[in-house]
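In what follows, chain A forms one complex with chain B and a second complex with chain C.
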Partner chain A sequence: MPHPGVPRDWFRNRDGLGLWEGRGKVVATGVGTSPTARRWDEKPETSMGAMTIIAIRKAIADAGISPDEIDGLVLTPDSTTGVSNDPNTPPPPGWEQHFKMASFPQAGITRGDIDWLVQNMPELKNVKFMMNGAICMSVSFVAAAEAVARGLTKTCLVVRGWHNLAGRYYVGVGASALDTASGRGKYASIWGLPACGTTAMVFEEYCRKYGKNHDQMANFVVTQRRNGLMNPDGYYSQHRPEMITVEDYLTARWIAKPANIYDNDLPIMAALAVVFTTPERARDHKQKPVYILSHGQTRPEFPGIAPTLEQWEQSTDRMGRILYEGAGVGPDDLAFENMYDGFTLFHQFHLEGLRFAARGEKRGYALDLYETDIGIEGPNPVSPSGGNNGNGRTRWWNHRDSILQLQGRSPSQIKKKAEIGVSGAPMPDACDALIWSATPPV
Partner chain B sequence: MPKQSPIPNALDKPFYDACNEERLVVQYCTNCHRYQFPPQSACTRCGNNASVEWRQLSGRGRIISRVVVHDTPTSSLIPGQPFNVAAIALDEEPDVIMLSHLPGTPVDQVPIGSAVEVIFEPTPATGQKVPEWRVVG
Partner chain C sequence: MAFLISFDIDGTMEFGDPAGGVTVEMVRRAKESGFIVGSCSDRFPSWQKKVWDSHGIAVDFWVPKHMLSNVKARFQADRYVHIGDRDIDRQLAEQVGFHFWWDHEAVAEPWLAWLIDQR
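Then we have the complex of A and B:
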């Protein structure tokens, strides 16, 4: 059964909207994270769907509530940006002995599905509000926040799983292996850029404009891994618990120079679920509520085949303005930023758009900031979650950690007092972001 | 560079037909007085589909950035890596970006900021020509 997407008028995507109407009326409480894996071994019990069920049960238990209390579910059904199966590809042998089937065979395997989840989780008896937040979990967080604020759901799960099939990410498979190219991707794809290619191009422009260089990224990338290794739920902690050094980064192989292998996140399997509710209901939850002060959205204004530096700077500036206007706070109020780092080389656009740790600067300062103390012990914690680069590719470690930081229980807890933080993903010109607070707004 | 052959559709057929005639055409909105690429069913600024027409361009642009690809996903290009991919801003509309392998420019020696002119390169599978760019001056 198709479920609705997010209504367009729910998105805060322009200046002049004032304080968010839901400011302080929605909180996050329980957080549940599945185990991680590098790739799927085709067993039902380790599938993306199985991981998602684990995450949901953990979130409910973490909130200290009964599954009966869940009356809403917002899911990001897209479970990778890598290789996937056609939705009608039959499941592997044994699948139907483990799970009830939904309307298409790949539900729970290479695509999330609300109906599949509800059918396979009999304890979710009272889910009435259901919505898809397509493409990115950031969209689902925004959708759930609006839904709770509007009274459409009282206690809502926000959910996303990731699958990762065998084989390299896109390389020599699917459309990349053909001698022709179709669809809208063909205008750029025939030049053979890897996924990080356009990001690397804009980074080049940035470096030339501001007199910076790729080597200045080293401390940021190393710190991401350091932060990620503090997280027992992260992929590297669980499977590859080794630090990387500045030397490793500076000598790493190129993917699309100036982007090297460490500038690209590692595809993994994992799932996250978070419980959103109202402050009043949160009094009965086990975990400290984290308030949502505002959310914002940017999308490419004039979509081309490759962004420009100007477009990314304008988009991220706009995101900063929208968020701060909606939340009633400013850059100096942020204890940390947890913006997306899927390609490390665009993280600074998000950071600068928020003017995080700016000393009167507007642009061009982030790589200098990276070369200072940006660790969790320091005055300006940059990406304390470790992000995708520290934990594996999910697009939600940053959101998860923002909630945990403000609850005082992050595995990479910042040492300064965590009152207000921000998280968002993915791209500088296609982003959904939220400002979170440990206390209700005044 | 043995690129994949793009398969035209109803929307972009004028672009690819012009490429085969070695002409560069791009959509132009007569309402907003701006060019746009890739082709869309309407102007991405004003949303008007009646104001969009195809116009021929000078075929001149400028290199605004580049990467050197060492790990392409595209099977046909793997044997030729590493290779340049440059972002070209068109003279008539710097917001319109096209990509190029910069034929004739050595790998990792891309002169950022240099002027380029369009040439047209056939693709192996169907012979469809696509725009490429070479450094001039």
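Then we have the complex of A and C:
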């Protein structure tokens, strides 16, 4: 059964909207993370759907509530940006002995589905509000925040699972496997540019404009892995607990110069669930509530087929303004930023748009900042979650960690007082972000 | 005659992720037979060295995957071969004039025949 997407007017995507009406009226409490894996082994019990169920149960337990208190569910149904199956592909043998089927066979395998979840989690007896936050979990977080703020749901799960099938990510699959390209793709996708190619080109523009170079990324990438390895729920902690060195990074293979292999994240299987509720209900939850002060959205507005440096800077500047206006705070209020790092080379656009640790500068300072102490012990913790680079490819380690930081229980807890933080994903010009606070707004 | 064998790790070596069919013992046997051996992988070079050390094998090189040309320049050999499980392994090997074996071909330790050939 189709469930609604997020109404367009729920998104704060322009200047001049003032304080967010829901500011301080929505909190996050319970967080649940599934085990991780590199790829699916085609067993039902390790499927994306199974991992999602694990994450949901952990989030509910973490919140210290009963499952029948959950009356809302916002899900990002897209569970990969890589290899997938046609929705009608039959499930592997044994699947139906483990799970009830939803309206299409790939539910719980290569696509998240609210009905599949509710059917296979009988303890979710009272879910009435259901919505899809398509494309990115950032959208689902925004949707759930608005839904709680608007009184449409009292205690809402926000959920996303990631699958990773055998095969190459983006290479020779899906549209890439066809003999022809169509639509917008025919202008950009037929030249063999890998996924990080666009980011690499804009990063190159950035370096030329500001007199920077790729080597300056090294400390950021090393710190990302360091932070991620502190997280026992991360892929690398669980499966590849080796630390990258500066020399490893500087001698790495180019994928699309100046993006090397370690500027790209590693696809994995994992799922996250978070409980959102009202501050009043949160009094009965086990975990400290983290307040949502506001949210923001940007989407591409460029006329061509690929973005430019100017466009990414304008978009991220706009995101900063929208977030701060809605939250009633400013850059100096941020204790940390947990913006997305799917390709490491665009993280600095997000960071600069927020003017994080800017010291009066506007643009072109981030790579210099990276060369200072950006670790969790320092004055300017950059991406304390470790992001995708430190934990494996999802789009939610950053959001998860922001909640945990402000609850004081992150595995990579920053040493300075964590009062207000920000997280968002994915791209500099296609982003949904939230500002979080450890205390209610004044 | 000198022979050099370069091993990819993930999908090729038994300790890779995913595990491959080439065992540590095969590499040890090659090293003890006088082959120049090492790894050429997308895994961090710093980690490659540690993992070989942990298995008690003093490999001669441990490099990023694209550095096969450097390996060829550093070590004079009569034959060079790279072993891997992906097209990129074959591509990089052939670009620099290495012979290439797929991981599943390597489990038969075909390089040992080179020793017989030279007798």
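Criterion: the second predicted complex is superposed on the first by the 435 of 442 C-alpha atoms of A that agree within 3 Å, B and C clash if a C-alpha of one lies under 4 Å from a C-alpha of the other, contacts with A are read in each partner's own complex, and residues count from 1 in each chain.
In this text, contacts are C-beta pairs under 8 Å (C-beta built on N, C-alpha and C of every residue); 3 or more make two chains touch, one makes a residue touch a chain.
What you are looking at is a predicted structure, and each value in this text was computed from that prediction instead of being measured.
Counting touched residues of chain A, say whether chain B or chain C comes out ahead.
Here the partner covering more residues of chain A is B.
Look at A:244 in the shared chain and tell me whether it touches chain B only, chain C only, both, or neither; answer first, second, both or neither.
second
Report for A:255: first if it touches chain B alone, second if chain C alone, otherwise both or neither.
In the superposed model, A:255 contacts chain B only, not chain C.
Is A:38 touching anything from chain B or chain C once the two structures are fitted on A? First, second, both or neither.
So A:38 only meets chain C here.
Which of the two partners, first being chain B and second being chain C, lies in contact with A:200: first, second, both, or neither?
The first partner, chain B, only.
Thinking of the overlay built on chain A, is A:14 touched by chain B (first), by chain C (second), by both, or by neither?
So A:14 meets neither chain B nor chain C here.
Once chain A of both complexes is superposed, is A:305 in touch with chain B (first), chain C (second), both, or neither?
Only chain B; A:305 stays clear of chain C.
Just which bits of chain A does chain B share with chain C as contact spots?
The overlap between the chain B and chain C interfaces on chain A comprises residues 253-254.
Okay, in this complex, where on chain A does chain B touch?
Residues 169-172, 176-182, 184, 186-195, 197, 200-202, 204-205, 208, 253-259, 301-306, 308, 311.
Note which residues of chain C are touching chain A in the complex, please.
17-18, 42-47, 50, 64-67
For chain B, which residues are in contact with chain A within the complex?
1, 3-7, 9, 12, 36-38, 44-45, 64-78, 81-83, 85, 87, 89, 95-101, 108, 112, 123-126, 130
Going by the contact rule at the top, pick out the chain A residues touching chain C in the complex.
Result: residues 38-39, 239-240, 242-245, 247-248, 251-254, 261 of chain A touch chain C.
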